[in-house]
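Below you'll find a set of structures to go through.
Shared chain: chain A. Partners: chain B in the first complex, chain C in the second.
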Partner chain A sequence: MTLLTVSDLVVEAAGQQIIRGLSLSVNAGERVGLIGESGSGKTMAALALMGLLPEGLSLQGSIELEGVELTGLSDRRYSEIRGDRLAMIFQEPMTALDPLMRVGRQIRDAVRLHRRISRAEASSRMLQLLARVGFPNPAEQARRFPHQLSGGQRQRVLIAIALACDPALILADEPTTALDVTVQAQVLSLLQRLVREERSALLLISHDLAVVSSVCDRILVMYGGTVVESAPTREILTAPRHPYTVALLDTSRGISADGETAAGQLPTIPGAVPAWDQFPCGCVFRGRCPREQDRCREVPRLTEGEHRVACWFPFSSEGGGGA
Partner chain B sequence: MPRFLWRRLLTTILTLLAASLLVFVVLNFLPGSPAQVILGTQATRAAVRELTVKLGLNQPLWMQYLHWIGGLLTLHLGRSYISGQPIAPEIGSALSVTAPLVLLGLLVGVAVAMPTGVVSALRHRRASGTILAAATQLGIAIPNFVLGILLIIVAAVYLRLLPASGFTPWTTSVVGALQSLALPAISLGLVEGAILSRYVRTAVLGVLSADYLRTARAEGMRRHQALLRHGMRNAALPVITVLGLELSGLVIGAVVIEAVFTLPGAGSLLLSSVANRDLIVVQDLVMLVAAVVIVTNLLVDIMYRVVDPRIGLGS
Partner chain C sequence: MTHLSPAEPPLLEVLSASKRYGSRSHPVRALSGVSLQLWRGERLGVVGESGSGKSTLARLLVALEMPEAGDIRFKGKSIVGRSRRELEELHRSVQMVFQDPFGTLDPRLRVAESVAEPLRALKIGGDLGRRVEELLEAVGMPAGSGRRYPHQLSGGQRQRVAIARALAPSPEVLIADEAVSALDVAVRAQVLNLIASLVERFGLSMLFISHDMAVIRHVCTRVLVLFRGEVVEEGPTEQVFRQPSHPYTAALISSVPTLGGRIQEPKAPDWEGGPGATGADQIP
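Coming up: the complex of A and B.
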């Protein structure tokens, strides 16, 4: 069952497109990864879904969650959905909590926003949530202020806030990027376990292929504000079709376990991601792509099917990938 | 009591002592003897000597200092050199004008600063916010005595709404006293309010772009809900600090405003005492102002720690 359908989403700032025609869908309970370099528009896409775009940005296209069209909703109606059906975990746990308020109260507030329950009931739900995100002594943790917690602990509090009202879909924007490497794995496996137990769907946004492929059933590759390829995780890893995906995989594959590289150099994608207002017309990867031809001046559409690719000259689907 | 409070109280007392020493030393090293001033240039040496002894001015300085401090602590302020009247009631009646004036000024300032600061921050991308911010800039640029004179011309001379000068004592009529304080308090408060408004605007702007506000919005709070729940306390932190500084500014501004409106307050008393070389009254008043500033700082410090758990009371 399709939970979220985004079609032809366009976000504009001062007449320039930051997100150009983003389409994606997430099924109920599915874990989908959205991967891309910095500047590819991942965070902007998440904020657009939440209806929390910064002032001055305009939005076109359609976002449908559980059959409800979200674009054009009044802030009042959108606020009823935010946090209730659709929750978000942000990248910066250090600043995402109110520094002047005890964490327990912040979680309890999130519970009470969408549930007509007493303070006492909300408190017991809050303690339950704290226990679920792995705090051994919830009552004690609830009385702490954010500055008394570590980064990993704060991110777990934010996960508890996101889970507060059993959302159908959780957006997680680089939830582990700001954390220590040792804590990253813990938080990630916690997130994975919880969405499975709660039967929520997860849209995990990251630049880290390893993170996304360890958690997600399906991966969307984003470049220049649009999805260039979408396929089950295994297929993306073994049989990528879009030249950008192939290049992205090569950068992580070219390094052997001891850090040596074949050519003695770190593999990179030639060129750099253009500034958001400097993308070429036609295919967004034009100019960095080794397979570019004249036809790439036209915008390629995403193909239909399980393995979708937006490219005029994709690699063959028979595992021809990195050749 | 938490350790922080003990330590902070101790430093406050030490600061007060240091301030009193400074005030005493500076005023006592001014050239010229009060006895000479009181008796005039025609007085005989013997008469001056006699008065000097009578006033206790021949005692060693440290004795005079201890005598003065002891008097302050027990509220036995002695008699004026000039009028011979007891000082305590004189300062008391002056404070019955100045203290309400300063507090009313603070009230006007806060009443002006909060809405204008918040609104100009919330609408900072729109014309209305920019105009409001520009208006507060104008408010900062106008000295309070100019505003006071303008208010006298408009509200007192043309409209005849409020008295232009003088003071109706509280004991005669509370309404009358408030009426005579209205214009001075407004001219004091508007200018301080304009300054405070800029700080409120900056604080609210900072909160608006804070990550925790975005978290609150993602939980499903409306913007005003999020601002009330998470924005106010966070924005209050810098404003509290400025408010403390403003109170000192108001006390100093009151000296000028009392002269404009001929109010018999502490400012007027200070000016006339300086002119008359009524050294001991000057000394008491300057010490009083210093004490107000120092104690305000103490209160701001405590308040800051009550609001912000990151600093904490160190209990």
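Coming up: the complex of A and C.
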């Protein structure tokens, strides 16, 4: 069952497109990864989904969650859905948490914002949530302030807040990027287990292909404000079709903790990601692509089916990538 | 061992160094009894997470801080208790690149001025303009980028400029403290390639500090693992990777996510503590 459908989403600033016709869907209970480098528009896409676009940006297209069209909703109606059916976990928990409020109260408030229950009921739910995200002594943790917690503990509190109302979809934007590696592994493992147990869907946004491919069933590759490829994780890894995906995989494989690590020069992607208002017309990967031809001046559409690609000259579907 | 002449002392040496911060009643131990040698021509990795003491170690090596106990030596001579003037050679020969180039580059200065600054500060003469151009070219900056300001550059370009600035006084040692940690994977690969080629070209010795075992493995020949202010393991990188002898090293390696792998949760959850529990914050 499709939970979230985004169609032809366009976000514009001063007449320039930042998001260029983004389309994606997430099924109930599915874990989908949205991968992109800085400047790919992935965070802007997350803000658009949450109805939190900065002032001055215009939005076109459609965002449908559980059959409800979210674009054009009033702020009030949007905030009823946000935190309830659609929850978000940010990269920097320190800015998402109120530094002056004990964490227990922040979780309890999140519960009561969307549920008409007594304070006592909300408190017991809060303690339950703290235990679920791995605090061995919830009552004690509830009394602490955010600054008294480590980065990993703060991220666990944010996960508790996200889970507070059994959301259908959790949007996590670089939830572990600021954490140490051992803590990252703990938090990712927790997040993965909880979304499975709660039967929530997860949209995990990250620049780290290894993180996304370890957690998600399906991967969307974003570049230049649009999805250039979408496929089940295993297919993205073994038979990538878009030249950008192929290059991103090559450069990601250059440095790895498992298997043989490349000695000498690492594979790179030629050039750099352009500034948001400097992308070429036609295919956004033009200028950096080894397979570019004249036809690439036209915008390629994302194909249909399970493995989708937006490219005029994609690698063959029989694992021709990496060539 | 990769040092070329065994008769020569290590370029940089730390001998049982300890460092505390905080007040007398609430001391915070950052390093306790750490020793290391960086030999000429070597690429030594220091791996550790928040609170491991890795940044304190870097600050000791460039004499930004002094240890309470132990000794720091540059080319066999102690740098502890020396005057600024006596440390001139150290300040010229040992240069650092940090994680955040915004912290290194003055936002009000044009790129060329930022790169020339250490040359002026260290009173290194010659044709400054030409030297700056050479340096910017060496780090792969496009012609004319010297006239730009830091905010006009991408993250990768800013780190290139920070590297050019570090290379300006023709150092012998480069200390990279999480130098590529803030960069996306594709840009990170470009900057790592650049660092590798510069190390080769200028015959630099390098101390590469990172939390990322995978990057350390690519860059370094030897690695030292710091945990809560102590060295828990040391050895040739490949050997440490294949047969980590300390459980913390094993956790560090298995925690790095791999393409299509599974998230492996480290077994000892008490590695993640709040303030008051991490190594840097409390005497155990």
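The definition used in the following text is that the second predicted complex is superposed on the first by the 314 of 323 C-alpha atoms of A that agree within 3 Å, B and C clash if a C-alpha of one lies under 4 Å from a C-alpha of the other, contacts with A are read in each partner's own complex, and residues count from 1 in each chain.
Methods note: contacts are C-beta pairs under 8 Å (C-beta built on N, C-alpha and C of every residue); 3 or more make two chains touch, one makes a residue touch a chain.
None of the values given here were measured: they were computed from a predicted structure.
In the model built by aligning both structures on chain A, chain B fits alongside chain C without clashing. On the chain A superposition, the C-alpha centres give an angle at chain A of 70° between chain B and chain C, rounded to a multiple of 10. Look at A:Leu52: by the touch rule set out above, it reaches chain B but stays clear of chain C.
In the superposition on chain A, no contact is made by A:Glu12 with either chain B or chain C.
Judged by the touch definition given at the top, the superposed model places A:Glu64 against neither chain B nor chain C.
In the superposed three-chain model, the partner touching more residues of chain A is C, compared with the other of chain B and chain C.
Look at A:Glu121: by the touch rule set out above, it reaches neither chain B nor chain C. In the overlay built on the shared chain, the residue A:Val181 is in contact with chain C alone; chain B does not reach it. Of the two partner chains, neither chain B nor chain C is touched by A:Glu198. Once the two complexes are laid over each other on the shared chain, residue contacts for A:Asp217 go to neither chain B nor chain C. When the two structures are aligned on their common chain, the gap between the nearest CA atoms of chain B and chain C comes to 13 Å. Shared contact residues of chain A, touching chain B in one structure and chain C in the other: 147.
Residue ranges on chain C touching chain A, taken from their complex, read 49-50, 154-157, 184-190, 192-193, 196-197, 211-215, 217-218, 241, 251-266, 269, 271-275, 277-278.
Residue ranges on chain A touching chain C, taken from their complex, read 37-38, 134, 144, 147-153, 180-186, 188-189, 192, 207-211, 213-215, 233-234, 237, 247-249, 251-258, 261-269, 272-273.
Residues 50, 52, 55-56, 75-76, 79-84, 87-88, 90, 92, 95-101, 109-110, 113-114, 145, 147, 158, 161, 164 of chain A are the ones that touch chain B when the two sit in their complex. Residues 125, 210-212, 214-223, 229-230, 233-234, 307-310 of chain B touch chain A in their complex.
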